[in-house]
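Take a look at the structure set out below.
Per-chain numbering from 1; labels A, B, C and D assigned in written order.
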Amino acid sequence: MSAQRRAQVLLAILAVALIVLPFVSGSYVLSVATLILFFAFTGQAWNVMMGFAGQLSLGHSLYVGLGAYAAAGLFFHYGIGPWAGVWLAIALCVVAGAVIGFLAFRFGISGVYFALLTIAFAEFTRIGFDHITWLGGAAGLFIKVEQRDTWDLLNLRGTPKMFYFVMLALAAGAFAFCTWLLRSRAGYYWQAIREDEDAAQALGINTFRWKMLAVVISAAMTGVAGVFYAFYYNNLFPEQTYHISRSIEIILGPIIGGLGTLFGPILGAAVLTILADSITEIMAAAGIEVPGVKQVFYGLCLLVVIMFLPNGIWPAIARRLGLKDK
Amino acid sequence: MTAPSKPRSPVRRRVIQAAAASAALTTLGFPAIVRAQSKRLKVGVLLPRSGYQGFIGQSCQKGADLAPGVIKQMLGVDVELMNADTETNVDVARTRAERLIQEGANVLVGAFDSGQTVAIAQVAEQRGTPLVINIAAAPQITEQGYKFVFRNFQTARDIVGNGLRLTGDLFHATNTVPRTAVFMHVNDTFGTAVSRGIAAAMPHMTQLPFKIVDTISYDPAARDLTVEVSKAKASNADFLMLVCRLNDAIALRREMVKQRWNPMGIISPGSPGMYEEQYFKTLGKFSEYSISNVPWYNPRAELTHVVEKAFQKQNPGEKFPFHGLNVGFTFEAIMIAADAFKRAGSTDPKTLADAIRQTNIPRKMMLGAPIKFNAKGQVEGIGSACVQNLKGLPTVVLPADAATAKPVFPAPYYKA
Amino acid sequence: MPLELVVNVAISGVLTGLVYGLMALGLSVIFGVVRVVNFAHGEMMTIAMYAVVVLFAALGLDPLLLVIPIAAAFFGFGYVLQAGLINPFITRPEHSQFLLLVAIGLIMVNALLVIFGPDARNVQVDYQLESFAIGPILFDKVRVIAAGAALATSAALFAFFKLTLTGKAIRACADNHLGALVVGLNVKHLYALTFGVGAACVAVAGCMMVLLVDVTPVLGPSYTLLAFVIVIVGGLGSMPGALLGGVLIGMSESLAGLFIEPSAKSMFSFGLLILVLLFRPQGLMGRRA
Amino acid sequence: MSAVNGSPILEVRELDLYYGDAQALDGVTLAASEGEIVAIVGSNGAGKSSLIRTIAGIETQRRGMVRFRGQDIGGLPSHRVCELGIGQVPEGRQVFPSLTVRENLEMGAMLRRARARLAQTLEEIFELFPRLKERERQPAGTLSGGEQQMLAIGRCLMGQPELVMFDEPSLGLAPTIVQEVFHTIRRLHERGLTIILVEQNVAVSLKLAQSAYVLENGRIAMNGTGAELLADDRVRQAYLGL
C-alpha cells in the first residue's frame, strides 16, 4: 500500500469511528469527545497561522471571544440565530486579525514581540469587555436555554449529540479546508515564509500579503469556534473567554500533536484531553484527592513530550506508520 | 460511609482500581449504570478545589464531607458522596458533571461559581439529573426555565435587598445617621451583579439616610489598590460601602490604614471577603468592626450546633464561623437532596426532582424562611445577617433574634 | 480634583512602579542574554514569596534580612534550571521554549497548591502598615523600602555587569554569541549564571512583594504578564528600561485609575504596550536587535 | 607530509562534518608543526571556515580526529579547546560591539591560562597596537574595520595562545590595513606562534606559509609547501588567475 493509500484508509476508519461514537458511548465520553473536537478545531485554526505561516500567536482567545460575543449578542438581544451570527463573528474576527496583522507586519514586529502583541490585544479586549454592559460586562452574558430534546440546528439548540455532530462537522471541515490550503499556492508560499522570510521575499513573494492571509483565515476560523462555544456553554464571561489560559489551551494541542501538520492538532487535542481526564480518573481510583496533583502530572507530561518529541507526537507516529507527516 | 473523600482501601486495591479506570477509558462506551431502587443516595459534589477559587471550594467541601454523618443521624438516610474538582474551569466542570452522572450520581451539588454552575446546570438538565446549587448568585441561573435545577441561595438581587435593609437596621440600632457613602465594588461577575442591584434598589430605599457620593469599581486582578483608596478617601464619605472578594478586601483595608483613612465603618451590603478567616489572620486588629450583610447561618439554630459539632470533629483546630457560610449552604444542599430522597423513597431522578420541588424544611441551619422552592426552583426568603468582626470572629449582630452581640458603629477608630 | 490627591497618587505610582520594575528586572536580564523568554517568571516570584513566609514562620526573621539567603538560594535554583532544563531549548524555536516554560510554570503553581493549600499566606511585621507624612503627602513605608531595594538591586546589577569580569563576560555573550565562543568563554555556564542572577532578582522582588500583597499559589501568571508588559515597554534586555517600564506602568495605572476608571486601569498598561510595540518595538530603552 | 621540521602541534585526521544532511567536510587530514604558518586556500564554500570551527570546538565532527600536542580534542567544547592554547581570529572579527575596547581585550583573557597575566598582556597588546590604546574606552562597535581587526587579533593574543587560527583576516579591509595585518601575522610567527591562515588572498598567504593545503568541496585537493603550491599550475590557474 502506498503511503497515501494507507493515509486514506486510516482517515476513513477514523471518520467511521467518530460518526459511530455517540451511538455507542456514554454521555461522559461524548462530552469529552466534543471537547476534543473543539480543541482540534481551534488548534487547526491556530496552526494555519503558526504551523503554516510561522506567526506565533498567543492571543487566540481574542477571536474565540469576539466570535462568541458577536453571535451571542445578536441572539440575546434580537433573537437572531447563530447561522446569521456566525457571519458577523467571522467579519469581526477578520477585521481584528487584519488590524493586528497589519500593524505588526507593517511595523516589522516578529517573533517574541509579535506573540506578546497578540497577548496584549487579547488582554486589552478582555478588560474592555468587562465594561461593555450591553454584552453583560463582567457580570456575564447568559443565553436563554431552551429546547433540550429536539435538534434545532438553526438556533443551535439541542441535545449533546447534536452539539457533538456540529463540532464534528466543523472539525472535519477545518481538516479538509486546511488540507486544501496546504496544497494550494498559499500553502507553498507560507512554507517558504516560515522557513526563511527574507529568502521568500527575495524570491518575489509578497510576504506581507500572505502573512495577512494566514492571520485572517486563522482568526475567522477561530471566530467560528467561538460561536459554537457561546451556544454550547450558554454563558460568557470576559474573564473566562478572553483569558490567556484559554489561548494556551488552544495552542497546546497543535504543538504537542505536531506543528504544521494536518493531523497534529487533532491528535494533540485528543492526547491532551484524554491525558487530563485519565489522570483525574486514575487519581480518583487511587484515592489521591489532593487538588493540584493532577495539574502537576499534566505539566510533567507536557515537559516530557516537549523535551523528547520536539516536533510533536504525530510526526513520530506517522513515520512509524509509514505515512508522510503532513 | 462517612467520608468517601478519604477512602482507606489497601494500596493494592487502589492500584487495581487505577488500572481498571484507565483501561475503562480506552474502551469506549461505559455501560450505563443501572439506576436501581437504592437505599443509598449518591450525591455528586462539584466544587472548584483547585485553580483560582480553590480556597473557597475547599471550604465548601468541608460542608459536604460532614454531611453524610449528620444526615444519617438526622434523617436515617445513607448518603454517598462522589467528589469532583472542577479546577475552576467550565470545561472541566461540564465533563466532570457528565462523568458523575454516568457513574451513577443521583443528584448533583455545586458549584460555588456562577459560570461553572451554569455549565453543570445544562448537563443536569440534559441528563435529567437534579442539581441543587449550594452557592451561586447570578440571577439568570433560575431564569432559564430549567426543570432540574434548584437553588438554595440568594440571588444577587436578594442579597442586595437584604443587605441594604440590614444597613438601615444597623443605623437604627446604633442611632447613627451617616449622610454619605462611597461605594467600591470589584468588577467581576459577582461584584457587577451586586452593584447593578444596588443601583436599582437605592432609589426605592427611602428609609436609608445616606447618599452614594462616588462609585469606584476596581479590577479583581488589580495588584495595587492605592489609587482606588485615595479616590475613596478624597470623597470624604461618612462610610465605605464595599462589595469585594477576599484578596482585594485585605488589600483595601491595608491601604486604608496606610493612607490613614478612618471612615465611620466598612459595610458590605452582601459579599464575601471580610468575614473570611484570612481577613482576620492577615489584618489582625485592623480586621475588627468590618461589617458584612450576608446570607448566614443562624447561630442559635439547633441544626447549627449539630453541624458545628461535626465540623469540629472533622476539622479540629479550624474555627467554624469562618467556614459557616460555605459549609452551611453546601450541607443544606445535600440535606435537601437527602430529604427529598427520603420522601420519594427512590433515586429515580424525575421522582427525586419532583420531591425536591415539594421540599419544606423548617428545621434548617441558615437564616430565613423554611426551605421551599418556587416554580423556578429558587428558594425565597433566605435571610441575611449583619455580621460584624468582633474579637477576632465574625459575629451576628442583627437581626436581634439571631444576634449574639451588639453592633458597634461607628467603629472606634473613627474620628469625626 | 485636589492637587494633593494627584500628587499622592503619582508618588505611589512611582513607588509601586519601582517594585514592578524590580520584578521585571530579572526577566529582562535573562532575555537580554539568554534570549529565552521566561514564561514562568511570576511563578518563580511566588515561590520566593512562599520561601519568605515559611522562613519567617520558622525563624521569625524579618523579610528584609531573608533577602540575602533567599536570593542566594534562588541563584542556585536558576542556575540549575537553566543548565539542566532550559539550555537544550536555546536553539529551539520560540513556541517550543514557550511551552517548556508554561509547563514549568504549571508544575510550580500546582506544586505550591499541593504543598501550601489554596489559602493566601503572608508575613506580618510591625512596620507593614506604617506610613509617614511630609506635609500633606503620605509615604507608604513598605513601598519606600521596596523602591529602595529596587534601586539598590539595580545598582548592584549595574556594578556587576560593568565592573566584574564575569559580568562583562555575560554582556559579551549577549553581544556576540559566536565571538564569545571564539574567545573561549564558557557560554553554557555564563547563561546559567545569568539565569541565576535573574532568579536572584526575582527573589529580591518576592521578598519585597510579600510585604505588599498576600501570596497564593495562583498569583504567578498575572505577574508574569505584568513583567512582560514592563520589559517590553522599557526594552527587553535593558536594565534601566525595566525600571523605567515599571515606573511608567505604575504611573499610567495610577493616573488612569484616578482620572478615568479604576477597573479599567490595566487596559492602559496593555494600550501602552501596544503603542510601544508599534512605534518603538525594541522598547523605550532597548537596542534594535 | 610537512616540509618544515618539528613535531606536529596539531593533527587533523579523516574529519567529516555535516550540517544536517549536508556534508561540509569530507575526510580532511592535515597537520601543523610547531612554529610554522600553514595556509589553507580554497574557493568560497570549500569548507575552510568549517574546518576552523571544528578544530575550535564550535562544530562537532561526525567522524575523524583532532589532536593538539598529542591530546585528542575532538568533541571538546570550545572553551576547553581555547584553554589548551588554541586561539582564533574569526571571520568577520566578531568583536563585542557594546563592550569597550579594553573590555573586549579582557574577554580574551578570561581563560585560566591567561587570567593571571591579564594586566601585563594588556600592556603588551597596547604596545603592539597603539591605536587600541587610544580607543581604550570606546565601544568596539564604533571602531573602523581595520581597528576591529586589530582588536580581534589583540583579543585572541590576550588568551596566551600557542596556535592561532586566522579566518579571512584581510576580508573587507583597505589595502594599507591588509598590509598591516600581514605584517602582524609575520611578527607573531617570528615570536614562535604556530599559525593557521585561511585567506582569500592566496598569493600572499602562500608566500608566507611554510606548508599549505588546497580545500575543494570539503576535501583536501592538494598539499605541499607554500612555494610548491605557488608554483603549481593548477593553483595558479584556479586561485591566482594566471
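Throughout what follows, contacts are C-beta pairs under 8 Å (C-beta built on N, C-alpha and C of every residue); 3 or more make two chains touch, one makes a residue touch a chain.
Since this is a predicted model, take the numbers as computed values, not measurements.
*Asks:* A-C versus C-D: which has more C-beta pairs touching?
*Replies:* Per the contact counts, A-C leads.
*Asks:* From the C-alpha centres, identify the chain that is farthest from chain C.
*Replies:* D
*Asks:* Going by CA means, which chain is nearest the middle of everything shown?
*Replies:* C
*Asks:* Between chain C and chain D, what's the gap in Å when you average each chain's C-alpha atoms?
*Replies:* 43
*Asks:* On a C-alpha centroid basis, what's the spacing between chain A and chain C, in Å?
*Replies:* Those two chain centres are 32 Å apart.
*Asks:* Taking the mean of the CA coordinates per chain, how far is chain A from chain B in Å?
*Replies:* Their C-alpha centroids are separated by 35 Å.
*Asks:* List the centre-to-centre spacing of chain B and chain D in whole Å, with centres computed as mean CA coordinates.
*Replies:* 75
*Asks:* Among all residues of chain C, which ones touch two or more of the remaining chains?
*Replies:* 110, 113, 118, 217, 261, 263-264, 266
*Asks:* Using the touch rule from the top of the page, what residues of chain D touch 2 or more other chains?
*Replies:* Residues of chain D never touch two or more of the other chains.
*Asks:* Touching at least two other chains at once: which residues of chain A meet that condition?
*Replies:* Where chain A meets two or more other chains at a single residue, that happens at 127, 130-131, 291-292, 294-295.
*Asks:* Which chains are in touch, pair by pair?
*Replies:* A-B, A-C, B-C, C-D
*Asks:* What residues on chain A touch chain B, complex-wise?
*Replies:* Touch residues, chain A against chain B: 21, 24-32, 35, 127, 130-131, 137-140, 142, 144-146, 148, 159-160, 233-235, 237, 239-240, 274, 276-278, 280-287, 289, 291-292, 294-295.
*Asks:* Of all residues in chain A, which touch chain C in the complex?
*Replies:* 50, 56, 58, 103-104, 107-109, 111-113, 115-117, 119-121, 123-124, 127-128, 130-131, 244-245, 248, 251-252, 255-256, 259, 290-296, 298-300, 302-303, 306-307, 310
*Asks:* Over in the complex, which chain C residues touch chain B? Could you list them?
*Replies:* Interface residues on chain C, with respect to chain B: 1-2, 5, 8-9, 12-13, 16, 110, 113, 117-120, 122, 124, 128-131, 138, 140, 212-214, 216-218, 222-223, 226, 250, 253-254, 257-258, 261-266.
*Asks:* Note which residues of chain C are touching chain A in the complex, please.
*Replies:* These residues of chain C touch chain A: 37, 88, 92, 94-96, 98-100, 102-107, 109-114, 118, 217, 221, 225, 228-229, 232, 236, 261, 263-264, 266-267, 270-271, 273-274, 277-279, 281.
*Asks:* Which residues of chain B touch chain C once you look at their complex with the stated criterion?
*Replies:* Listed in rising order, the residues of chain B that touch chain C are 49-52, 54-55, 57-58, 187, 216-219, 221-224, 226-228, 230-231, 234, 246-247, 250-251, 254, 257-260, 277-278, 281-282, 284, 286.
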